[in-house]
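Paired with chain B in one complex and with chain C in the other, chain A is shared by the two complexes that follow.
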Partner chain A sequence: MRVGKSTFLHLCLAFSLSLILILILLTLVSAQEVDSLRSSTDSAYTIPDSGLVLVAPVTSLIAEDYKYDDGEQLKLSWVPSIDDQLVDSKVLGYRLFRSIDGGTPEILAKLPPGTNSFLDRTVQRERKYQYYLETFSENFVVQSIVTAAISPEREWLNLDRGWLFIIALFISIAIIFFVEKAKRGHKLYVRKIAGLEAIDEAVGRATEMGRPVLFIPGINDMDDVQTLAALTILGRVSRTIADYDSQIFMPVSRSLVMTAARETIKTSYMAAGRPDAYSDDMVNYVTDEQFGYVAAVDGLMVRERPATVFLLGAFFAESLILAETGNSVGAIQIAGTARPAQLPFFIAACDFTLIGEELFAASAYLSGEPRQLGSLKGQDVGKGLAMSVIILGVLAVTIATAWDVEIMHNVHNWLLGVFSSN
Partner chain B sequence: MRREVPLLITGIVGVVFVLQYFIPHWPFSQVNTWFSDWFSIVGAFAIWLGALNLLKISALKVIGKKSDWGYAIVIIISFIIMVAIGFAEGKEFREQGTMFSWLYEYVYSPLSATMFALLAFFVASASYRAFRARNLDATLLLMAGFLIMLGRVPVGDSISFFLPENYQFSQVASWIMTWPQTAGQRAIMIGIALGLVSTSLRIILGIERAHLGGGD
Partner chain C sequence: MNRSTYILTAIVVLLFIVSWTLKAVSLSGEVDDNITRGFLITISAFLTLAIFSFLYKDNPFYKFAEHLFVGVSAAFWMCQGFWSTLVGNLFPRLSEGLSNFFMVPYQYSPYNITYWIPVILGLLLLMRLSSKAGWLSRWPLAFIVGTTAGLNFIRYLRSDFVVQVSSTFVPLLGNESHPWTGIGDFFSHLSLSASGQFMMILANWIIFLGVICGLIYFFFSKEHKGVFGFASRIGIWVLMITFGASFGYTVMGRISLLVGRLTFLFRDWLEIIS
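So, the complex of A and B:
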């Protein structure tokens, strides 16, 4: 059979057209498959018919006991929904449900998008708790797995504070060691503190001028160790005042400080053999209000013009107002505080300033008692430890950064771990 | 006994407070709350001691017509007005719109702000004395203070525009505050922390007794 040339051409054309058609069909099908695949990987998609904005649930939800507490807390952590991690997130938030002893789950908290942990502080040790999370979009909710039942547990020791305990123990042992050493008659050198050396001179000046001594123990209550330190110094100062037969005024801003200060001065006067010279009016309460107190003390300074002013304890914004007023009436001023922000004001306005630790050392220094001086020596061991750690830390960071030495990185991280613990 | 009992109480309470920081278990977990409550109760009763003392001293001043007794009258009248209004308005005396809050807001607060405002003048006078370049230390203080103040205002960078960016006044001020200032402050803080430990131990162990009137 002979096939004509035109028939052959037609067959070729038909074949080519079929081939093109098949290729087009294949392309369309594969494009649809790609679209379908893409849709299946993007979970936050909208189903055209239903209009639902689907979102994925959270994963890896874990409920565990919160470490180092009195069995009062459970810690929950999870990986947020994959849709919550997209830039254009459709997740509106999470609802945390809790079931107690297998009972009906109840909503515990509504959490914003991006949350990945929660601390349940409303638990009891004798109960068992289960949790799950609902992730929700504007019209869709999906639930996570339910955690295993768990109860909070009590711990006896807070191991997070282990290093702090060891350091505190080390310093305390050092202090007690030097106290015992001093008790056995070992002589200890303590550097001179100008502000404390000047106390006798300052009280003597007041006596000579026939003017009173003003003692201000800060504006905090007896629960502040600075106030306690101020009262220990008051014990020594009032003894000197009683010996010199001078006069003391002490306006206070806390009632408890008033009663404690009266007791301190009274005992000092009795120890000096002059109980008759003591009067309760030496210490008087003014007000708890900060600037009301300042106004009263400033007025007292201007009217009575004390020869000597002691500003010892916890001070805040009133420090400079008091110190400058004292300066303006020509008083010799001895100040001391453990609040670093107020120290520059005292240094600028007062004749002598006890800086931080000197305030706490004052009583021991003034007593001259070996046991007390021994405790100051023990502090030096703590300072030595602090200096060693600082030098080690600086070296570790420098060497680790400059030469990338792994052991120094480890030392740096270890130091961070030790001194960052709460 | 008058000395031993307070020393014993101080020692026991001190040890318990140290322990409660490291032991989360009951009863140590509650110690802080209990002592806080007790302290508040004692403080609340003690306020009457303070208030009565204030009234007594002011009244004696007025009766004896001592110097400046006029101020004592102001104290007594103010005290009586505030207490009377506070009691008359009951539990809600601090709420907005009460007479007590009106007096606090429009009488006490402006007076308090006036006292606080004095600080501006005192800072100026104290700075003048502190910054006088009498010796090397004071000169260094003056220079540091000058650079910090210039670096904290826009004009600082304007007048140092010709310097490289890292040497302009705002950067120099930040450097001083971040490094030398922080280093100095931390040294003081370490000293304070050690002083606290030492003082606390002396009080807990009964070595320090001056706050009880001194002596042995």
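So, the complex of A and C:
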């Protein structure tokens, strides 16, 4: 059958118009579907005609005692509202309410969206507490369940620190073992520490020059172990000074340190058989103010021109000022601190420096007493333990990460658990 | 004091008065209390210069600033100790009468009786003033030393031992971001980029060996010779390099303090810079 050209064109036009009509109809239908879908989605949040933005409450609200404290805290945890977990969250936040001993609930805290826990630090052991949370949107509030009544409890032992206790016990036993060993006459070796070897020489120099010895025990109080270590060394230094009939002066920045230092020097002079040579004026309080103290000590240094300066203890920003002034007056300087930030200044400006642990080892080294030497040996056992554990831990984590060996992952995790910061 | 010192002192006093006057005049349009402000800025500047003069040598102006600083600060700390420790913490827990007297709120607690312990220890410390009962002052000292040692044992065991040990557990071949895929891959992708695998491995080896060698240096009960001595020498090198870096870092901080003082002198006092 042959079809004329005009008939063909009409057919094409009719087909095109039909296609356009179908496309228009399809577009309208899909737009309606999207609208109806959108309205059905919105209906999850908004009650038609009311305008309320509905939100779901939090779930699984639990109040429990905060473990290993003095009975001063309760821990709350919950799963946030399901609406809070959406990208376009309608939840504006939470209000936490607390009722004490069954009384009227009062608002305790207002929490931002996304919060899932709270630590109540304002509780007392003898009271009972109940909590609930309100989830609120722009214009709607919904309440969670109310928790069971709970009282905080006091724990006598912090079991989280069980491993810390075992490590402390291990080191303590090692110290006691070596102390007992030393007491029985077993000779314990301690390597030479250059700064301490120089003490006698430094005091001797001061005696020969007829100039005094200046001792600075840091600027911290008696609650710092570095101050205690400094005073232990002071005992030995002042004994040598008493033996040599030299002079010592010691300006301090803490009243308690003054008292302890006077006791220490007095004991040394008595042990040297020269109690008459002791005077309370050897130790004098200046001020607690850091730089006021430094100004006074610097002035003393340039006026008294000590032959020997001991800078032992806890130092801060004043370390370089003191060490440089001591250096400028030509004194032989022996310094020591456990503060890493100040050690570089002492190393740069002093003749001998006791680095960190050496300051604490000094008392044992100088006294040679079995008890102190045993303690030093016990601490070395602790260092040996640290080295062994580090090597084991590094091996475990290296093998675990490089070759994915499960047992090594377990070893690494176990070591991390034992040596955690709890 | 000799004649030249008197003359110098007179000149400095004159300069102070001139400076104070000029400063007060320059502040007259800006603040109401221009005379007081002028005095405070001038005295601050002169005391700063007096302390700086120690860089030349010890002199009466430095002595004046030193004694003023020591005297004022000693008095301040004594007052601070009395008002914050005794009045602020102790009296409100001891007696309602004392609290009322010092106008601080009484803080009742059934455990307040424990606050008599520091009172007794404090009084025992004052026994030092007595020649006969002076020995009693050793008891509070023994208490302080004992509690300090006990408390610090656990504190340092945690921060300086346990935490340091676990922080040194570093992988020596690779980690999650740079997994170890064999020696061939390692060398074929060798890069000196700071975030690359080579630098990560190098850093971890330095941490590991640095800590072990540092610990060996602080090992006192064995002579440092042979392999032990070699490791100990590496340990002290690691420490010295660390101290060098720390020195530079801290000096930069001190320079900023100096800049702060110079800024005060040139901007607030002399108004040379804006």
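Details
What we mean here is this: the second predicted complex is superposed on the first by the 371 of 422 C-alpha atoms of A that agree within 3 Å, B and C clash if a C-alpha of one lies under 4 Å from a C-alpha of the other, contacts with A are read in each partner's own complex, and residues count from 1 in each chain.
Keep in mind that, in the parts below, a contact is a pair of C-beta atoms (placed from the backbone, for glycine too) under 8 Å apart; a residue touches a chain by one contact, two chains touch by 3 or more.
As the structure is a prediction and not an experimental result, all values here were calculated from the model.
In the superposed model, A:281 lies in contact with chain B only, and not with chain C. Contact with neither chain B nor chain C is seen for A:245 once the two complexes are overlaid on the shared chain. In the superposed model, A:101 lies in contact with neither chain B nor chain C. By the touch criterion defined above, A:64 reaches neither chain B nor chain C.
By the touch criterion stated above, A:235 is placed in contact with chain B alone, chain C being left untouched.
Looking at the shared chain after the overlay, A:271 reaches chain B, while chain C stays out of its contact range. Once the two complexes are laid over each other on the shared chain, residue contacts for A:154 go to chain B alone; chain C is not touched. Contact with chain B, but none with chain C, is seen for A:324 once the two complexes are overlaid on the shared chain. Shared-chain residue A:138: touches no atom of chain B or chain C. Note: residues 168, 171, 223, 225, 228, 256, 259-260, 263, 285-289, 291-292, 295, 298-299, 303, 317, 320, 340, 343-345, 347-348, 355-358, 361, 376, 382-383, 386 of chain A belong to the chain B contact set and to the chain C contact set alike, using the contact criterion stated above.
The residues of chain C lying in touch with chain A in their complex are 51, 54, 57-58, 62-63, 65-66, 69-70, 72-74, 76-77, 125, 128, 137-138, 141, 144-145, 148-149, 152-154, 156-158, 161-166, 168-176, 179-180, 208, 211-212, 215-216, 218-224, 239-240, 242-244, 246-247, 250, 254. Contact residues of chain A toward chain B in the complex are 68-70, 72, 154-158, 161, 165, 168, 171-172, 175-176, 179, 221, 223, 225, 228-229, 231-236, 239, 254-256, 258-260, 263-264, 266-268, 270-271, 281, 284-292, 294-295, 298-299, 303, 317, 320-321, 323-325, 338, 340, 343-345, 347-349, 355-361, 363-364, 367, 369, 371-372, 375-376, 378-379, 382-383, 386. Partner chain C is touched in their complex by these residues of chain A: 164, 167-168, 171, 188-191, 193, 222-225, 228, 256, 259-260, 263, 285-289, 291-293, 295-296, 298-299, 302-303, 317, 320, 340-341, 343-345, 347-348, 355-358, 361, 365, 376-377, 380, 382-384, 386-387, 389-391, 393-394, 396-398, 400-403, 412, 415-416, 419-421.
Considering their complex, residues 18, 21-26, 29, 39, 42-43, 46-51, 53-54, 57, 67-68, 71, 108, 111-113, 115-116, 118-119, 122-123, 125-127, 129-130, 185, 188-192, 194-203, 205, 207-208, 210-215 of chain B touch chain A.
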